[in-house]
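Worksheet for the structure shown next.
Naming follows writing order (A, B, C and D), and every chain is counted from residue 1.
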């Protein structure tokens, strides 16, 4: 199938470009009877939107979703839900630069190589603005999962060399995350991250980082071996987000230097319930949820758009330089958090429905 | 859909358990006219098979594939290909331990939680022995891709703290990899890795590591935004393999500490061809192949099965201990290499057909 | 997957309800570079729209499509296309009847049984108004296919007992079909059909019929055995349309009384080309296109909505009567023609891309 | 996706050719805990197998299934089930005729047109022998459905001009069907059908017919609008079977001449239950099961293989004649019955799981 859909039973399909009329998402497979209106979507959209703080791009777009289908009298009907987010900021500009020159780190060249043409305005289909409708779909998934006690919280774990100290990922709350504009629950680290990001803006540069997304309350048993393991589908979900170059669970790349005798999480009981005494496995064993918190970390690259001039080539291969005018995030991480949460929510909602179908 | 299939147009479906009659894979979507017989499958199966060297499990299974369908007069017909690998080693054993006790790090508990029952013999469906038929399918994909100049080579990059020095991943050849039993092209590192692995066996312990898989010759343009980006589907492919807890491309988690001005690979030309002067992006931009080598690294955990006794619980939650009798790999990495290559090949073959369908 | 998508590589996903804000369709997989604007969509939408003539419902809705995504500078970009058709006629009405009473022949009861709730306004999701966006998607498919010489023409073959005489289905042109409001190329039959339909309106009754849809120019080789045979996917496409209770190809149900010696279409040559001297097989052999015209007939039931009172029950099972106020088609056939053509076009576009991917 | 799979959640994938090593089916998505062994599969396979009576081909093949995966200790495990049926009768023959000449009514020409090559031995992949593994998969589906009270019975409704009189399709039992070799529950008609079929054999000719397949006990609510309506997926299932040129439900093509006032099945109650007083709708309204019996009829063409010589052309387009030596069914209907039942069972099992996932 073409690539604009995600999920098997909770199925999200998006369309739209950065500077076209707007974005549409169709969410198919949402069970009937879920209370839903735009107020369920707005909070996460506001956390993703540009212009929200001094550490993000200063562009101002209020992403206001409109529910076009699938909701009646305040509840989902079980039929396809359509949500639209119009583009407000469609003023015509001079795109001649981006039309002919390949921005380093962006998809301009590969889109041309693939399709032979592209909507070059603001990145067109490759713009991260597309994640707005993913976040809307994620809010639906999150609401659905909330009904069975699944909670998803993401935060910034690292910006450049600054790493937050987090004792227990599953204990972090949304409130803690939202206490600062960089979305890092370690207040000291957050301050230093903000400073570093502001320095980047002054330097006409950008900086990468790591986001950590945690799901608690997922019962054991979700995930479909041998290919649609939960870790496989979650990995795909995270890698489908722009700028993600690495994904890891639990101990992650740390397993490379570990011995089995240290790395194995030992089974034990908590009351009647079987559990493990540690969570190096990141909440999935054999690709199936174990009941422990699901912990995923995403490595997000520094923004490719820079205000300083960068050497590049034109479509015809002639050497030139490009500087991205306009406003961009000096660090993607603060706005990445709701995107990561959304993809986690969509993936878990999908696997919940899959588990219900076969073993329900 | 249920979870035992992978790929959209080059579609692989597997069945089989570790100690049942054997494994079957159906490969649907292979174009007609590809020369194919079992001799194309055997080499990769031999690289995956147990008992191949002193650093792997000593169990001896010659995995001999049988082509049951889809090949006629030595060529694929365009119809579904079926390949069977029978289990030779089905002697009845005493499985009472594994039947009632949950092995740490394994999927025994989560399978029970999901399905309510499981084929416990040797891990049943969760056994890594399932990858044998993936490797067979990967050999078909590899042959198909070979026809258009795509070459896939994997090797062990790290075992415990020992990291191989590799100047240029895309220059490594299969021959170099196969010069030693640990499949590491850095001879000095390979020696130390072998020593470490043997130490692990003596210690009744195991050790993790990192494998690196590289594809060269992939033309720019493969990958299907926005969800089926090549990096997303490759990520899923790798995470679908047992024991993988982390996946990264190019600079990977290193992007977290990088600045945009350092991280951006700058466009330039090589003759008529547009390319980049470095490959921190791992061969994909915007999730579409850029023409540069595709470089993926997988973090593989230390074998969970240990000969030494480990505390655990029974199905009923009673505390007990388990020691995995029998023979296992003290380090999964040497045998992981052909598995990673196979999943890379399957994913690329799939995306090649997808690219042909839409933009061909 | 949920049920609101059709097609594998030319993939259509719809959302929307009869009296909600409107309808949206996302068409994923359209190759880049196809010239496209709303003027390509409007003609087929006009042929489908209500109020077009005295034999259709008198309700007046001008279905004006808006392209929201996937088209740039007048050409498709290869990314997902979104088209919206807003509902104009959303004035609030008294739906108390339809809310509580089950309309005979409609999906009110089964939607309640399935989902536990439904958008009852005008049929909600079960309304045939949903086919408007299918027709828009079909126009895109038709334009794509036109580029390789595939032409699709549908017409009304039968209304009640009146059967059109058509010597050679593949010779009928769109112009011939559009010479009369009932869309029957046999002028004499058309006149009698119109009379019968007007009689039905006077009688507060409705009448069924048969539509025939013909595709010419389809090269041999499309269709994917063994399950996605072209006849299987076309059959699904047609049965997915409202009111269709029977589908047949070529000789259709006539094969039941035929002998093999009469029924076999014999192979012969036409110049260099292999063909058959007759087309009882309807253009597909073994589920693969043969190069002969593809001929499908759909049996369409009489409109279930009647102005006369009909006995029924309420949601609570109490006996009552219902009469459908408002305006409906006394015969669905004239407006069914563009719907059938659209589903034929979508199915063929999908199979063309599938053929390209594997055998291209 | 390639065409050798059917179903979304109860997913069947087949491989195999008529004169290769044999057939394999993988059934993915069967819930765990279903008691299953080969004795569940054999009865339906025996009803499908050749050589079962004087009205079928005299070739003798005992189709003995072997379960290769997915069943443990007599129960399904929830993982993929693999079933193999080996070809016994693989003796080498002279296929030169069929290799170079196109058999009228068969897929020889279209396979060549599609794939450029084909396994010509006995029809290869296009042989109806492929349905053996579908029947095995259908037996699994049937057993699953039996647990919730769904019963599927098929029979021959018509052979040539001889039409069985059946008052109430849903009252027919398997026992009644199996009282005669033609599988027609109207004993008088059955006798005449047998005579006619024997006449066909003597005439070196063949005859078509109609099979009727009925499912009872399906609860209201199965089917996934707007594309995966139950009637759409069932239609696809039936048209995916060889030789089917027409499919209809309930009143079928009879709706063409019906008025709405006669055709509407009126809602009423039976105790607490809402039902309709007649079943012209064939058990589905809006493509969702209504709780009434699901009644489908398939038009099956006369066997294309004839012992008498038929004119045709070679691959090179030269005129020639062909006579199909060997033994074939003079009428496909008696052996079609279990095939139609199998596809009905697979489709219903799939839709049951789909209904559970979303509305369960």
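In this text, a residue touches a chain if its C-beta (ideal position, glycine included) is under 8 Å from a C-beta of that chain, and two chains touch if they have at least 3 such contacts.
Because the structure is a prediction, the values reported are computed rather than measured.
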Query raised in the report: Among all the other chains, which ones are in touch with both chain B and chain C?
Result: A, D
Query raised in the report: Would the interface of chain C with chain D count as same or different, where same needs over half of all numbers used to appear in both copies?
Result: same
Query raised in the report: Compared with chain C, which chain's mean CA position is the farthest off?
Result: B
Query raised in the report: So what's the Cα centroid distance for chain B and chain D, whole Å?
Result: 39
Query raised in the report: CA centre of chain A versus CA centre of chain B: separation in Å?
Result: 26
**Report entry** Gap in Å, rounded to a whole number, between the CA centres of chain D and chain A
**Finding:** 46
Report summary line: chain B residues touching 2+ other chains are 1-5, 8-9, 14, 29, 32, 78-79, 114-116, 125, 225, 354, 358-359
Report task. Would you pull the chain B residues touching chain A in the complex into a rising list? Result -> 1-6, 8, 12, 14, 102, 104-107, 109-111, 113-116, 125-126, 130, 158-161, 200, 205-210, 219-229, 231-240, 242, 244-261, 263-269, 272, 274, 276, 281-282, 284-291, 299-306, 308, 310-313, 317, 319, 354-355, 358-359
Query raised in the report: Which chain B residues qualify as touching chain D in the complex?
Result: 1-5, 8-9, 11, 13-17, 20-24, 26, 28-29, 32-33, 66-70, 72, 75, 77-82, 84, 114-119, 124-125
Report summary line: Per the touch rule, the chain A residues reaching chain D in their complex are 1, 8-9, 29, 31-32, 78-79, 225, 353-354, 356-360
